[in-house]
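Heads up, there are several structures right after this.
In the two complexes below, chain A is the common chain; its partner is chain B in one and chain C in the other.
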Partner chain A sequence: MKDISNKGALIPVKGGVRKTILEFAKSLLREGVFDGILISMRVPAKDSYAWVLIKDPSFIDKATPLAPIIAVQGAKALKSFTRKGKGSMKIAAVMRPCEIRATVELVKLNQIHLENITLISIDCPGALPMSYYIKNPEDGEKDFNDLFSGKDRTVSTRAVCQICDHFSILPSCDLHFGLTGEEGEGVFLIPNSEKGERILKEMKIKSSETLTDWKNSVKELIEERKKQRAERFQEVKSMVAGFDSMLDTFAKCIGCHNCQSACPICYCRLCYFDSAVSKQDSDFILQKARRRGGISFPVDRILFHVGRMSHMSLSCVSCGVCSDACPVSIPVADVFSYVADQTQGTFEYRSGEDIEEAIPVAQYQLEEVRGVEELIKQAEE
Partner chain B sequence: MSIQIRIKKGVEQGLIDFLKFLLTNEKVSAVFTLRKTPKEGVYDYGLITDSEMLTDAVPLHPLMPVNAGQELSRFTPMKKPVAAVIKPCELRSFIELVKRAQGSMENFLLISYTCAGCFRFDVSLEDQGNKHLSDYWKAVERGENPEGIRETCTVCEYFVPINGDVTVKLIGEKFNDEAVLIFHTKKAEEMAEGFEGERSEVEQFSDKIGSLTEKRRSEKIKLFDRIGKEMKGLGGMIDVFGRCIKCHGCSRVCPICLCILCDFESSLFDYDVSQIEKELLRKGAMRLPTDTILYQIGRMNHMSFSCVGCGMCTEVCPANISVSAIFLRTGEETAKLFDYVPGRDIEEPVPVTVYKEDELSTLGEE
Partner chain C sequence: MSMKIGVFICECGPNIAEHIDIDSVIKKIVATEEFKDIELVIKRHKLLCSNEGQEFLEKEIISNELTHLVIAACSPRDHESTFINVCKKTPLNPYLFKMVNIREQCAWIIPDKEEATNKAARYIRAAIRRVLYQSELLEREIESRPDVLIIGGGIAGLEAALSLASKERKVYLVEKKESLGGKASLYNLLLPRQSGGVDEIQKKIQDVENSENIQVFTETEVESVVGFFGNFEIVLKSLKADESRTELKAGGIVVATGFDLVNPQALSGYKYTKDDDVYTSLEIEKMIYSDGKVYLKSGEQPRSVTLVNCVGRDEKGYCSRICCGAMIKIAKAIRDLSPDIKINVLYRDLCLPHKEDQRFFDEVKESGVDFIRVKGIKLKERRIEYTGMDGSKSEITSDMVILAPAMVPAEGTEELAEILGIPLDETGFFQEAHYHLNPVSTTTEGIYIVGAANGPQGISESILQAQAACGKILTRLIPGEKIVPEVKVSEILESFCTGCRTCLEVCCYGAIYFDEEKGVSVVNDVICRGCGNCAASCPSGAIQAKHFTSRQLYTEMIEAIR
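What follows is the complex of A and B.
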């Protein structure tokens, strides 16, 4: 894995960090460095945010880099226009680190074509639960502004955001905005790839500022979050240990599959569990009911979660949209993050970090089934 | 000719006794009903074959975790007799699905009840100590709209089951002391043979049914007026549906949306990047993913005729959009033109499936 650059440019902040980022985005369009910028924007009713691809720089003023909520995962916005192939326009996407990680996974899964796309990330303070924001958008705005500016660090972000250790620069982004935490100090613009270096060159921005202090503060927070993550996972572990715990954790599930359709990684057009294959014959259902005296509907709800888990957990980026989308408040993201840490750990794989690293199931290593052979032999004896 | 059977027990117990009778006398192979789960405050639909397990049944509990009409249709045709206790709107959805060749009512004994509405998920999940539940039953007895029910339940005027085999009287009745079951069909009467209870001619429903219907009709006019104003024009649609995250949960839990793969999830809507780029050049800026409003209109177009206002779509919407009230309003307005009521009559074809030569003759004249 490549090293993160030690140098960045210090951009003076005028009218807030987000305004400064917008000005930069605008100049990227004006200078013709990009043909379009993908960025989030508050919807006209002001009760949510949407992804907008902007060509005309005058629209940039209405945008908001880093929305208070993740209504639609950014990777899904990128997928929606490059699923069938690369574009001819040069596009920059301004997203959260978890959205960039999901993008990287979707590139590996052949759902996003990244050739003409540049990924720009921002240090992320977390996102608010969508239901909380939609109930009272103005409170949500205030809370998030306080959080973003560092005025109030106690604002409750989503559960997975509170234990996120990938909130800053990633090896997979091209350019990154590093926040210094305090208003007026400026914001670091850090090139992190050849694409990133080229942009700064075209914009005639020199990255001569040393990043040691910023890097140290990021590192400190990562360590803290890692601890919190481990603590939280101790609790989550008991929620999924064995079938009975799973049953209890997902008892409220109504089988709507919102978690799957909101998930950036679950890219199947038609989920197996929604397909005709999973429709069961009445005799079979009655037979199953007789075995236990009764059967619960919709059928196979636990199987759905376990199935989804086995399909996508290697690529899970803990973005939390599944929890936001759950109508019965199951902590889906906590459970999936925990399981993802285990499965990814098994293969020493970190989702969304290195675009060159293949997803473990996509590559076969001769040694990896040796253990299984042993087990079979033992069983035969 | 219908008959009624009065059982001198609380209504839920009386109904459970009847279900037990059906199961132990092998008149049915299984009973489909709401039941308590081992997790406190959580309920699900169960298909029960062991009569002992009926102790956990709460057939009249005011919750709809899934639309039972959708669930029943999924595993039909049923080859053995099954009794199912479902809400009037679930029964109507089932009928709409059968009309669309998505299921069969054969072998079902369909039991429904005069339904005062069901709780929203958030209300049900936060109902510590069953405070809402006890208030609910008081309101049912008084024939009023209970607190905490779904928006479309508060304006539902089809809460007396049409079409079922058995109706349980609830609204405006003394259901704490007695259970009154009406048997509408010959099949139902035959099944009830040997079941203990006081048999008589069917007595009228409580007057409170009429007053609640009136109340709900006037509430509906108000609700539809409000929605009509909010939704006016494209601007209104953008305001209302702008926060849609395109999870399409509404279509998956909708009993009428029967497509295995929605058009809007199919490759029809995978645009070539060049199409998006062209659109971007034309507009200067565009929302991604595209077609947020088109999806809503498209779905409305496809299913609102048959919308029974069950409210599942609103319940699962992560963006808190009043999907059900919006779709019900459109559905009722269009169905009215064809004098159609979804789920009223299994013989009544869905208007879009029958073409009448003169039906377009006035188009454009107004």
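What follows is the complex of A and C.
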């Protein structure tokens, strides 16, 4: 955890952590610090969650600051009203850390403009698999409540959540709620930027608590998760090493492109793989079938996934909505997280962390050309 | 309209015919199942690039009413333009033509005839599939601008301005200081006869200011330059409080930004403050210009003066060429004050290249000025410790010390080099295209470097270079001439552009701008050179390079590996 402040405010918990966070959000609206809060809310049919922009403090009671599932990736919601430039309303967005990271990447791609937006994140215990929650939402609610309150740590979150090492405070959020794990104690409200500090000042909240214990417990958990991540990646490696493994892993793929639709980073108006260029004429396809003895449909499935990887893996934040979206339960997020780890590592780049660091593929640096010229010179000598 | 593709295979004398079985290639192509629905006219010829060959092609295109053309021959670098010119004589648009290299890429590198034949057939098939996806592109003409931008109002810039300006050729002279004249206007005495040149330089300044064809911008700098020879688009920025911008177009640019002197106090071995009577050559020139003589801070005449040459030469790694002459001139000016002043000149080497220099040096030496050759110098206030050529150490303390610091490129040179996209050499001065054979041009056509911006030099050399650059411009940038900008440019489809601006980052020609209102990137198709960087980098596939569209490249590739 780099460069976060050492002090935060300890907000006493009343009626549960999530209620306490809602009260804070309400007070932000009442005091006029913000004109609107972007937050999750359970849908009337009670089987999913949607993003809502709330102006009236009395509606906040109906909201849920950390939903059991990720339906729409928060960064997508932010993108829909800031893509064309900043708005005049001051808005606070209450999101998961992975949604904040996706937001950072979209800012770099000029799809989100953060002026007048404040990012508030919460320590995230993970999210439940969409398929599990949908089957029985009430069970899902109970399970997630138990997980969140620390009563039951064995609840199975999504595969990517189990190996997530970015579940706590990040460099790019303005305010962060740090959970102590003890219900009765209280929840830390940590200012993480000048914006965050200004807000606490306006709300007359003092950051006088030291965060050492909390930081240490988060660090411990991060180390655990890093280990699990490395282990899981070894398994995933065998799933994708070589063309045959790729074929096996994606054999079930029906080419619905849901993963691409759900992905916050895939923001292209027309995906290359939906465009005319990627369509083949029938002779070509039949030729392939003739030469190989057979061909399966839809064609170019692996090309779609590999292509999507090459387009977005530098910005992939392992949020996992792709796996949730897959109707045939392919572990898309596991595969893409593994590949992203490799591609980002090649450039020593970590997505979603430093908002000032440009994405490697969108940079042109004269010094890099000089480096290549040097290599060529050396090779010739 | 039905498609009819002409496929012509050149024997290239024995070059191709001996290594590739051309008849077999023709048979393979005709037998290709996928081509059964396309009308092909396939012929072989001994030498298509010859006059006879070109006439043959012209006749075939017209008589067969060909809609597309594929020529399999040598490298496009050799004869693509030849065959494009043939197309231009026919109704066939030259961009519906694809050339295949079966000489350098097949015949000359594959010893096995069968293998070479197979590869040639593959390539030609790929070209036939691709050419069907090519589009007609229309060339257009724009008028080349004869006007010239001159950056820097010193002696080189003034000279260039006066030589170029005419009714048909406007000159824009940009100077960052408040007045014209540069360093040369500070000199009261000019070598070698100590005659004034001041009046002549002042006259040049006046002529420039009075000229109807020269527009002078003082307290202004160049903010951006995009474009190419005959069509540069320039933005100037005023350095005054309003920071107003001016947009200009010019066909050529002359860089005459001059020099500064290195600060001796920043060099190791030179310790003094402004209270000591230690001066640089330029400060003495200013002193002579305003007061007609050399004197100490106290106002009195110095009884002893030591002049130190080659200051900073080791650190910079080059000789600044004019300081020796200038220092001898200053020594004479001091000697003219009184025959009793003790004058020493400490030097590492003497640089006296001009035809008058030797005689002047002898005169000054005769007048009792001591020239002492040294290996190294340390200066503390007015005390100098120096090492003689024999290794012995000596000391001199004088009433006044005058230093000749190395010439360095003027402040802002690095930034200007980036704006113009021209390189600097290891010394930090602008890099000329060729040291001996092309000394005032740069690697960018239409941008010239003259005067001290090019490298340490004096007034006469600066004027020479200015005139050389003018010569080049006068003969090549002719008023009324037309240029045909690149036709194979990039195109951005507005409906697919998501405004991520990745293309702006990778375009090194400055040919893309961002439309804030629509939130999309747009290509300036006059400046675009068709390099394709943007098309490759666009994450949304919104950019296509004309004549190299995804469709065309993909089709060609797939057919080549079928």
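Here is the rule we use: the second predicted complex is superposed on the first by the 362 of 381 C-alpha atoms of A that agree within 3 Å, B and C clash if a C-alpha of one lies under 4 Å from a C-alpha of the other, contacts with A are read in each partner's own complex, and residues count from 1 in each chain.
By definition in this document, a residue touches a chain if its C-beta (ideal position, glycine included) is under 8 Å from a C-beta of that chain, and two chains touch if they have at least 3 such contacts.
For clarity, every value in this text was computed on a predicted model and none was experimentally measured.
S.K.: Quick one: chain B and chain C on chain A, clash or fit?
M.R.: These partners fit in the superposed model.
S.K.: Look at the residues of chain A and decide whether chain B or chain C touches more of them.
M.R.: Partner touching more chain A residues in the overlay: B.
S.K.: If we overlay the two complexes on their shared chain A, which of chain B and chain C does A:H311 touch? Say first, second, both or neither.
M.R.: second
S.K.: Per the contact definition in the header, classify A:S275: touching chain B only (first), chain C only (second), both, or neither.
M.R.: Touch partners of A:S275: chain B and chain C.
S.K.: Check the residue A:I285 against both partner chains and state whether it touches chain B (first), chain C (second), both, or neither.
M.R.: In the superposed model, A:I285 contacts chain B only, not chain C.
S.K.: Of the partners chain B and chain C, which touch A:K84 in the superposed model: first, second, both, neither?
M.R.: both
S.K.: Touching A:S261, do we find chain B (first), chain C (second), both, or neither?
M.R.: The answer is first: A:S261 touches chain B but not chain C.
S.K.: With both complexes overlaid on chain A, does A:S245 touch chain B (first), chain C (second), both or neither?
M.R.: Once the two structures are laid over each other on A, A:S245 reaches no partner at all.
S.K.: Using the superposition on chain A described above, determine whether A:Q363 touches chain B (first), chain C (second), both, or neither.
M.R.: Second partner only.
S.K.: Could you give the angle made at the Cα centre of chain A by the lines to the Cα centres of chain B and chain C, to the nearest 10°?
M.R.: It is 100 degrees after superposition, to the nearest 10.
S.K.: When the two structures are overlaid on chain A, which partner does A:N110 contact: first (chain B), second (chain C), both, or neither?
M.R.: Only chain C is touched by A:N110; chain B is not.
S.K.: Once both structures are overlaid on their shared chain, how near does any Cα of chain B get to a Cα of chain C? Whole angstrom is fine.
M.R.: Between chain B and chain C, the minimum C-alpha distance equals 8 Å.
S.K.: Show which residues of chain A both chain B and chain C reach, each in its own complex.
M.R.: After superposing on chain A, chain A residues 83-85, 269-270, 275-276, 283 contact both chain B and chain C.
S.K.: Would you tell me which residues of chain A are touching chain C in their complex?
M.R.: Where chain A meets chain C, its residues are 83-85, 109-111, 267-270, 272, 275-277, 283-284, 287, 311-312, 358, 361-364.
S.K.: Name, in rising order, each residue of chain B that touches chain A in their complex.
M.R.: Going through chain B, the ones touching chain A are 29-30, 32, 35, 37-39, 42, 44-50, 52-53, 65-66, 71, 74-80, 121, 125, 235, 238-240, 242-243, 245-249, 252-253, 260-261, 265-267, 270-274, 276-277, 280-281, 284-290, 292, 315-320.
S.K.: Under the definition above, what is the set of chain A residues touching chain B in their complex?
M.R.: 36, 38, 43-45, 47-48, 50-56, 58-59, 71-72, 76-77, 80-89, 113, 130-131, 134-135, 247-248, 251-252, 254-258, 261-262, 269-270, 274-276, 279-283, 285-286, 289-290, 293-298, 324-329
S.K.: Once bound in the complex, which stretches of chain C touch chain A?
M.R.: 34, 495-502, 505-506, 508, 519, 537, 539-542, 550-551, 554, 558, 562
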